[in-house]
Amino acid sequence: MFKKILIANRGEIAVRVVRACKELGIATVAVYSDVDRAGLHVRVADEAYCIGPAPARQSYLNPDKIIEVARKAKVDAIHPGYGFLSENADFAELCIKNEIVFIGPNPQAIRIMGNKTTSRVAVAEMNVPLVPGMKENLRNEKHCQEWADKIGYPLMLKAAAGGGGKGMRKVDGPDKLMDAFRATKSEALKSFNDDAVYMERYIENPRHIEIQILGDKHGNMIHVGERECSIQRRHQKLIEEAPSPIVDDPMRQRMGEAALKAARAVDYDSAGTVEFIVSGTTKEFFFLEMNTRLQVEHPVTEMVTGIDLCKEMIRIAAGEKLSIQQEDVQMRGHAIECRISAEDPDNDFLPTPGKIVGLRIPGGPGIRDESGMYEGFEVPIHYDPLISKLVVYGQDRQNAIARCRRALSEYIVKGIKTTIPFHARVMLNEHFINGDFDTNFIDNRFNMEDAERERPHEKVAVIGAAIKAFRLDQKKSRTSLAAKEGGGMNPWKLSGRIGSHTNR
Amino acid sequence: MNYVATFKGEDVRVKVEESGPGLYRVRVDGEEFEVDFFSVQENIYSLIIDHHSYEVDIDEVGRDQYSVLLKNDHFDVKIVDEKKKKLAEKLGAGASGRQEIKSPMAGNIWKLMKNQGDSVKEGEVLLILEAMKMENEIRSPIEGVVTSMAAVEGSAVSAGALLCLLNPVEN
Amino acid sequence: MFKKILIANRGEIAVRVVRACKELGIATVAVYSDVDRAGLHVRVADEAYCIGPAPARQSYLNPDKIIEVARKAKVDAIHPGYGFLSENADFAELCIKNEIVFIGPNPQAIRIMGNKTTSRVAVAEMNVPLVPGMKENLRNEKHCQEWADKIGYPLMLKAAAGGGGKGMRKVDGPDKLMDAFRATKSEALKSFNDDAVYMERYIENPRHIEIQILGDKHGNMIHVGERECSIQRRHQKLIEEAPSPIVDDPMRQRMGEAALKAARAVDYDSAGTVEFIVSGTTKEFFFLEMNTRLQVEHPVTEMVTGIDLCKEMIRIAAGEKLSIQQEDVQMRGHAIECRISAEDPDNDFLPTPGKIVGLRIPGGPGIRDESGMYEGFEVPIHYDPLISKLVVYGQDRQNAIARCRRALSEYIVKGIKTTIPFHARVMLNEHFINGDFDTNFIDNRFNMEDAERERPHEKVAVIGAAIKAFRLDQKKSRTSLAAKEGGGMNPWKLSGRIGSHTNR
Amino acid sequence: MNYVATFKGEDVRVKVEESGPGLYRVRVDGEEFEVDFFSVQENIYSLIIDHHSYEVDIDEVGRDQYSVLLKNDHFDVKIVDEKKKKLAEKLGAGASGRQEIKSPMAGNIWKLMKNQGDSVKEGEVLLILEAMKMENEIRSPIEGVVTSMAAVEGSAVSAGALLCLLNPVEN
């Protein structure tokens, strides 16, 4: 096993890796940019090195600087976390060249899976399903008819020059096909000055569901269940859970096998994730991409399977064999992760960097706190706004949601606005509670419903604000009175202030 | 003390009396409440209102403006001394004059979309601010003219810094 | 199910019960004494009532006041927590008389088990083993020989008038018996002016191990595994774990059955605990007493069995049947609880009431925080010094200890001294790590070893203190300089202070 | 600055120099360290000493007295300016005069075991303080005479309050 590991990251994920190392008895080296001197990861690691100025390109994204520190600190291995250099094949190779183990898969796997085209080719060869569609454009009506028969309904006609939701038309059945083909072409010509159109399967009720994979360097590979990641805002995941409310055992089995095929295409040898787009209507699933690193949402899988993915990944990199067999993998209970960000959910998710002046993290049974902040910490403007992850576990989905609601009611982050209130409101939404959502849910339905939510505590807010105003007024008048009259206050108020606690 | 509280554009009369140390009698819209108001942390209060317990986060965010977070719901409440309000109303309803556009957060000025002298429509983008790997569009709240652009491309600004001044179009 | 519950307690256990209720959708009523207005339990409950001045007798131990509030708030039930009124049979009856459900067993069970004599008689009738010994005194040498043959060796001769460890003599074999008998008698006469002596089995290597019980009001009853509670200081439990390092499945089965017999003796119908003294040498176990309430250490059982004892207790009180069968109970993994108290372990565990001015609770996988404190909270002098429980879970004992060590290294409580450093040092003790301890371990062996511990960070402490002294000196001289010269400081220092972060 | 640090009765010379903002060069017993000293919270510091990271809790608990908590180990360190120390030594080794007995915690005076004028041996109980359901014996650190008993049975005292004064027995 390794003696010392450098963690080439910051924030909550760096802290996560430090914790895993500590529990394994491995020494840790943190790196930090100028603005991260007070970062939690620096405080909890055994060693710490400054690697440059705030902009990531000059610090966390600077391979040479990180290798330099790794050599100086004499580490055996580097854990890249997620983001930054975690999916950089060149960096993985640079580590190897310097005889430092890169805690991740082989560079070739990163390279192939990092490219949309090469990854699709690789997995298609293994018969992993891709969204059915064509690579060329439709030549004429006959060609269109042929492809429609092949793909099936509903299908999507798309302007080749289109994008961002424009120039697309859904076709529900064969009787609508020719009209739609002509209309799309004509619109495409008008809008993009190009009438080229192609065809793709329409995924109804699209959900984002991913399969966690573990592969070692001895050819062993297992799948460790799925995560439901459809609660997204503008393609950013916000809430993840395991298991998915729509996946049953046979489907899990089929998705797991497809994911293994994808991973085998690149001789995958670490922890990794195969992402699928799944139709909530037909339950068909199609390969999207593979992430060749630890995911932000890995804890929900850990909670329901009891497998420590972070430790397992380190063990694999050290050359150990997988400690778990496929038949040992069992999902038990339900876990939900809320990503807590320094963003204002009541103001279009505007970033809110700043200093955290008060903090109360929820406790009690079934709560896991994965945060990279602390009271007094200044959330810098230079990096991702994710400051913490709240992970809850319950015996089933209903219990997990109830517990999550309870935990969010205890969570206090003072000084900056965060997405905690957003999560609390999602946990009360009936569609979410029923598992009835897709990747468009937040942007469309939830936002509408949230804007019209009931606000039963309005009166309490008014009372609180009014008393605060009253106290400020009293303070002002007391001060001015004291200044005028040399402290001649009425005795009752005086005794009130002395007798009561100073922090009233 | 008598106040007028404004929430979501509606006014309501509020009367606050101190009935003991940390204890208040509050009348809202004719209904009376006994409130035990306890400061547990900076700007975080434990309120017990007629035996119901609430944790309330109350920040004074501007003159007479309070931002309240309560049961994970957010309320912007304005609390004005009744006498002051009457006086202000006598002096005429707030002439909507020059607009100061301030930075809602710390960040870097990514791109100016308008310059001094440009006309802007309501909702039009004035400039783009970058913070935490994200671009944030700062839009004009009114139709008007940019009378001064204080922001400089590529420079850093702190939260609340003046970005530009707008003069409204006269109707 | 209940609609509203009053929690007749304070601190961490009141918070624990509020959380369980919230997750079950039950409204909660907190009660508080004058000094507990800012208690965490008051902040998180739905309703709160002051019940009197700080001394417990006038507030938390005042049955009439609590019933008065319960009636005013129209609650269905009262949860007593532990301590205070939790094992007061009269209070349980008072609840019933007022048509309020007492969340605990029937009053008769509390009454019988609350008395050492009646409880021993009751369980002896059910053939639950008691420490073998005699109720009368030894009449003569023959009588002594007869009893010795009955009890076996090693045995203990005890002066009837003795106590507190005095007037006791251990006898290892028959050849030593008569000499010991005479010597004990003669010593007893000298010391206590009474030569009466009786005999009891000597428990070698005594461990405190207890069995968790759940019984409902329909006659169903199960045992839910054991907890090892031998890490004690002066008979106060400090660290508990589940499972016990010395209990295997057959022993667990036997202890569980004995515990069920004890509980059946009083028709037990709630969550309860049967405590045993166990010989670490022979593994024999003997009934000590039954606690008719939720224990401080209940979370370790919850962690390894997945059963929420607090919720189950509420459901039982509401008349529901047990949701778990005996065959569903399975212990998986290992859990450890450290009781964090406001006591100074480096100063003979002196109480340290005061204000908590800084707090960082450990996070990450496998950590459960059960605390009743928060930053800004003033630990009052009037109640038990327990302020928090750190509960950790690991795949096995070794992993749980490693994780506990890691968690304790993250724990910061600033403003008052706590027992955190004590726990951290126990987690490093080799005997503890090997599971090799009994109830005397802390008072004897550990304290000795701890006093002679290696202190490798002495130099860091000196460096830190010296820099702090230097900074204080600098500050003083800067202030006096500024006062003298009107702020004429040297420019380098000035720029240093401006350029660096204000909190350097 | 040159200091003398005392830990567990042993003296060691310490030299501290500021080498930049928040950066110090410290020489302890001839060994030199580069220290990055960062205040993360009140009296809690993040120290990076030659790239090794430590979280250190340092309280000034009395004149020149520091209580340090580090890796869950507790250190009482005395740091004295070398010049001051030399001066003090010249003036003669600290005449152990009148002793002030202060309350180590907030609590209630449960029982006085000694009164004004009583003689006490070293280690003898002066009074019993009750806090958190526990009785705590306050013992005499010296052999001497109670010259004044400030504590009153049944009254509450705060941490650090004067309990009584002792005069040492002259040898």
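By written order: A, B, C and D. Residues from 1 in each chain.
The rule is simple: a residue touches a chain if its C-beta (ideal position, glycine included) is under 8 Å from a C-beta of that chain, and two chains touch if they have at least 3 such contacts.
Everything numeric in this text was worked out from a predicted model, so none of it was measured.
A.B. asks: Would you say A-B or B-C is joined by more C-beta pairs in contact?
C.D. replies: A-B
A.B. asks: What's the farthest chain from chain C if centres are computed as the mean of the Cα atoms?
C.D. replies: B
A.B. asks: Round to the nearest whole Å and give the separation of the Cα centres of chain A and chain D.
C.D. replies: 49
A.B. asks: From the C-alpha centre of chain A to that of chain C, how far is it in Å?
C.D. replies: Once rounded, the distance between the two centres reads 39 Å.
A.B. asks: Between chain A and chain B, tell me the centre distance in angstrom, where each centre is the average of that chain's C-alpha atoms.
C.D. replies: Chain centres of chain A and chain B, defined by C-alpha means, are spaced 31 Å apart.
A.B. asks: Of all residues in chain A, which are in touch with two or more distinct other chains?
C.D. replies: 37-38, 44, 358, 374-376, 409, 503 - these are the residues of chain A that touch more than one other chain.
A.B. asks: Hunt down the residues of chain D that sit against at least two other chains at once, touch-wise.
C.D. replies: 38, 40-41, 55
A.B. asks: If you look only at chain A, which of its residues touch chain D in the complex?
C.D. replies: Chain A reaches chain D through residues 30, 37-38, 42-49, 73, 374-376.
A.B. asks: For chain B, which residues count as touching chain C in their complex?
C.D. replies: Residue positions touching the partner: 36, 38, 40-41, 46, 48, 51-53, 55.
A.B. asks: Hey, which residues of chain C end up touching chain A in the complex?
C.D. replies: Per the touch definition, chain C meets chain A at residues 15-16, 19, 22-25, 37-38, 44, 299, 302, 306, 308, 332-333, 358-361, 363-371, 374-376, 395, 399, 402-403, 405-406, 409-410, 501, 503.
A.B. asks: Across the complex, what residues on chain D touch chain C?
C.D. replies: Touch residues, chain D against chain C: 1, 3, 5, 7, 12, 14, 16, 18, 20-22, 24, 26, 28, 31, 33, 35, 37-45, 47, 49, 54-58, 60, 64, 66, 68-75, 77, 79, 81, 104-108, 131-134, 136, 159.
A.B. asks: State the interface residues of chain C toward chain D in the complex, per the touch definition above.
C.D. replies: 342, 346-347, 350-354, 357-358, 381-385, 408-409, 412, 414, 420-421, 424-425, 453, 455, 457-474, 496-497, 499-500, 503-504
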